[in-house]
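Read from first to last, the chains carry the letters A, B, C and D; within each, the first residue is number 1.
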Amino acid sequence: MKKLINGPDAVVTDALRGVAAAHPQLAVDVENKVITRASGATRGKVALVSGGGAGHEPLHGGFVGYGMLDAACPGEVFTSPVPDQMLAATKAVNGGAGVLHVVKNYTGDVLNFQMAAELAGDEGIEVVSVITNDDVAVEDSLYTAGRRGTGATVFVEKIAGALAEEGADLSAVAAVAREVNERSRSFGVALSSCVVPAAGKPTFELGDSEIELGIGIHGEPGRTRAAHMPAAELAAVALDAVGADLPLDNQDLLVMVNGMGGTPLIELYLMFGEVCRHLEARGARVVRNLVGNYITSLEMQGFSLTVCQLTDSLTRLWDAPVDTPALRWGR
Amino acid sequence: MMDAAVFRAWIVSAAAVVEANRDHLTQLDAAIGDADHGTNLARGFTAVLGALDAAGVSAAEPMVPGAILTLTGNTLISKVGGASGPLYGTAFRRAGKALGDAADVELPALAAALEAALAGVQQLGAAREGDKTMVDALAPATRAFGKAVAEGASATDALGALAEAAEAGAQATIPMQALKGRASYLGPRSVGHEDPGAVSTALILGALRDAARAGR
Amino acid sequence: MKKLINGPDAVVTDALRGVAAAHPQLAVDVENKVITRASGATRGKVALVSGGGAGHEPLHGGFVGYGMLDAACPGEVFTSPVPDQMLAATKAVNGGAGVLHVVKNYTGDVLNFQMAAELAGDEGIEVVSVITNDDVAVEDSLYTAGRRGTGATVFVEKIAGALAEEGADLSAVAAVAREVNERSRSFGVALSSCVVPAAGKPTFELGDSEIELGIGIHGEPGRTRAAHMPAAELAAVALDAVGADLPLDNQDLLVMVNGMGGTPLIELYLMFGEVCRHLEARGARVVRNLVGNYITSLEMQGFSLTVCQLTDSLTRLWDAPVDTPALRWGR
Amino acid sequence: MMDAAVFRAWIVSAAAVVEANRDHLTQLDAAIGDADHGTNLARGFTAVLGALDAAGVSAAEPMVPGAILTLTGNTLISKVGGASGPLYGTAFRRAGKALGDAADVELPALAAALEAALAGVQQLGAAREGDKTMVDALAPATRAFGKAVAEGASATDALGALAEAAEAGAQATIPMQALKGRASYLGPRSVGHEDPGAVSTALILGALRDAARAGR
């Protein structure tokens, strides 16, 4: 295992020290692993808290700032944070208007956030949780763990964060967060595995011309293994998977082509070009986009595609000013 | 009849067996999960040992068994994260609560505590037997223990039945297709692998048998 | 070779199609490989043109926009562009106040830009070229090809671009570009090689615990191979190399910890934390920073460190508004 | 005496030999450069063939040798990029200019054209012999050809000497430490590898010998 680290145990705290040094606009509690805006709680504003395992950077810490999150709690690598962290974050950013927890749908994240929400409730803080579950690779049913939360989380944090910044109340902010999640779908593809530092070796092994289709964001293998294929075909596979569950034709879309951490930007742009070509052929309009590394799996090579059906008001909220380490415009 | 020393010995022995199987548990998790189960539990039990030491030093009188398990559960919740943190944490908390203030634990009380633990896990995680989770070790173990106790078995025999059923339950997860937890994302590809949480449950219950045996 | 591409020959043009689709604020001539601001030439403003081989994204196309470049010309992967491209770009963005060519010091880049400058001169356009050569891993002498231009190029494009936006004349813009280059030094480390698409296999092979010290940005091996070491030691090695050539103690510094393309952000933040720790010990102040992928080598894993001694006026220009796909603030 | 057909045949044969050695040249460049030399030259010569065809179709009368080389040089400059594009482009342009309008090229004129090419490369790239570049093939080849011509050798012999000296020159780059071009960044680690540009120069000059021989 070759990584820019000091040792497997110190990865997250060492990295948080770097985040603290890089971004004076963030307050980083390295020991308790809580990142908040340096400006503290915003009185009267609904606060947004998210969190999850580390290894997905810039998610979530890179999205703390004006127009997006108020706090983020990173767990250990690929391990959801503990309730103490979310409780501390929730108390730190509560401005009296309640707190939205944005939770990706994984058993660990859901359970730990649920415990934190109960504890915060005990302390008189109103908390509403919205769970993202956009990954079409996973079957959704009452009898399963349900779909994973992946790329849509970025959209939810941006759009709900914008509405909160405008002064909307907790139920409205939660409603728009749910709306974005419901209108979004994702599908991921891995060209390589990644190495969890504490494990020291790749989570799975892929042959020279094999890829994994339908991966999540924790370095886990996908639903099926396939032969590697040209970008144009991969775009079609991903869009077919997404489109089977979300009408794309003649829609105004927000499209993210996201790198898994080890994919160079030139390939992500190339992939985005292919996705646009396919969507155009379906009569869909890509009116907003993100191309880059936004929700990653350590050094994994590959990409995920996330598509959201926009409405005028979602587009307006997407365009609203945002000022975070990883997303910044309008300010 | 088991006293606080036995329960403390159980947790110490569980911590040791988790640490010894850390890489094994992580590798099981790599196959059908995200390669962190061993690391997670090892981190948690290390913290538990620290918490028990600290509590032992500060307390005016020694902790009762129920308090030991409650502290274990709280610490796991605070330190593990992931799916296993809240689930194991809740299991130990519920068991601790069930034991109450008793300084000595009789077998029927322990059986009730295990049932409370199982109920807590199922209430939180909604997994049923056959879903390929820790429930597949904990449920048959709880049943086997209850049955042995009801039939008047000795502590040694009842705890032996507990540990054996847990191990058999863990092994029985191999052919299962996961319906809960991370492994469920793999669908049919989850078949053929032992569930890491079921294996760690078997290890922890095995530690209980060993601690009780040594305490005798 | 597993990449998100359609085939080795079409990588650059296919990626440019994606750039065009992603950034309506850019005008992308896919066939001739020229990226300009969609707003066209700015009358009376000194224009900045840069370019170089593809594979370093976001450099240079991601830096086209307000406050930075007016045009960028990507060549084939790791191959400097041809004079026709730079000539076309120069003509397209010339606003009558002359054009600055920002050229990284590689024989191919220098020669091709030189030819373009001559041709532009023939057409009556005043061109000044500034060559960046900040890489301390390479010996500089009259009898060698000189130092490579690497990370300082990002600083030069940002700061000279800001001055040009303020209306300074060509000689002043060129002077500040040279000043930034002279005040900057870089050092790069590779944990892995990369695969040039047309070559189809890694440019070099590294053992499981070997790294390359003193690499450039074209996937070439470095000056020496070493055993992998903890991040704290790597930071010391890189800072010692840079510091041997540029006084760091008690300076106000702009520091970039740049990913080579395949390094996850969590490791870059961690590296940045280590670099800051070492610099603090030397009494240096890191007053501005960039942490992320800014000048890459395809999917190579590793990082480069670039340090610039700031002055008040350079800091002011660094802080000036910029609005490009890859750097954006103040607007 | 060599006419336009021979020069055209040279370029066609150079294009073929570059294409055939594309991977080899790229691998040489991978060892001490950036793994693109074969791709660069193949792209360039493919474009040159297209340009020559286009020019042949549109021209009222067939191109003279000088025009063929000038068009080759211009096309290489427009299509290759990298260090080798301007260098090879300039070499062919200078050689073309030296040949002027002549329909038939005598050996001394060709010798002068090669000298002009070498001077162009050195003026632009500032490499001297021993720096481990294409100059290490082009310079000895130009010298050997000039000497043979001065001594009254036949075209076959003089071109044979040219090609042989180029090949020997390329091989002689192996023990050199690079001082120019990308390989120089490697310092002492550049020793032990053949310079890709010197090898492509030897291939291109070998193609001239072969084209002239076949044209006889």
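Convention: a contact is a pair of C-beta atoms (placed from the backbone, for glycine too) under 8 Å apart; a residue touches a chain by one contact, two chains touch by 3 or more.
Quick caveat, the model's predicted, so the values are computed rather than measured.
Enquirer: Treat touching chains as neighbours and tell me the shortest step distance from chain B to chain D.
Expert: Counted as steps through touching chains, the separation is 3.
Enquirer: Distance from the CA centroid of chain A to that of chain B, rounded to the nearest Å?
Expert: That pair's centroid distance is 32 Å.
Enquirer: Centre to centre, by mean C-alpha position, how many angstrom separate chain A and chain D?
Expert: It comes to 54 Å between the two C-alpha centres.
Enquirer: What whole-Å value do you get for the distance between chain A and chain C if each is reduced to the mean of its CA atoms?
Expert: About 29 Å separates the centre of chain A from that of chain C.
Enquirer: Can you list the residues of chain A that touch 2 or more other chains?
Expert: none
Enquirer: Residues touching two or more other chains, restricted to chain B: which are they?
Expert: Nothing qualifies.
Enquirer: Classify the chain contact graph as line, ring, star, complete or other.
Expert: Topology of touching chains reads as a line.
Enquirer: All pairs of touching chains?
Expert: Those chain pairs which touch are A-B, A-C, C-D.
Enquirer: For the complex, give me every residue of chain A touching chain B.
Expert: 53, 75-84, 106-108, 111-112, 114-115, 137-139, 143-145, 148, 196, 198-199, 201, 203-204, 216, 218-221, 223
Enquirer: Can you tell me which positions in chain D touch chain C when the two form their complex?
Expert: Residues in contact with chain C: 26-27, 30, 32-36, 39-40, 43, 77-87, 124-125, 179-182, 184-187, 189.
Enquirer: Once bound in the complex, which stretches of chain A touch chain C?
Expert: By the definition above, chain A touches chain C via 2-7, 11-12, 14-22, 54-55, 57-58, 62, 191-192, 208-209, 211, 228, 230-232, 234, 257, 261-274, 276-277, 286, 289, 291, 293, 296, 298-299, 301-303, 328-329.
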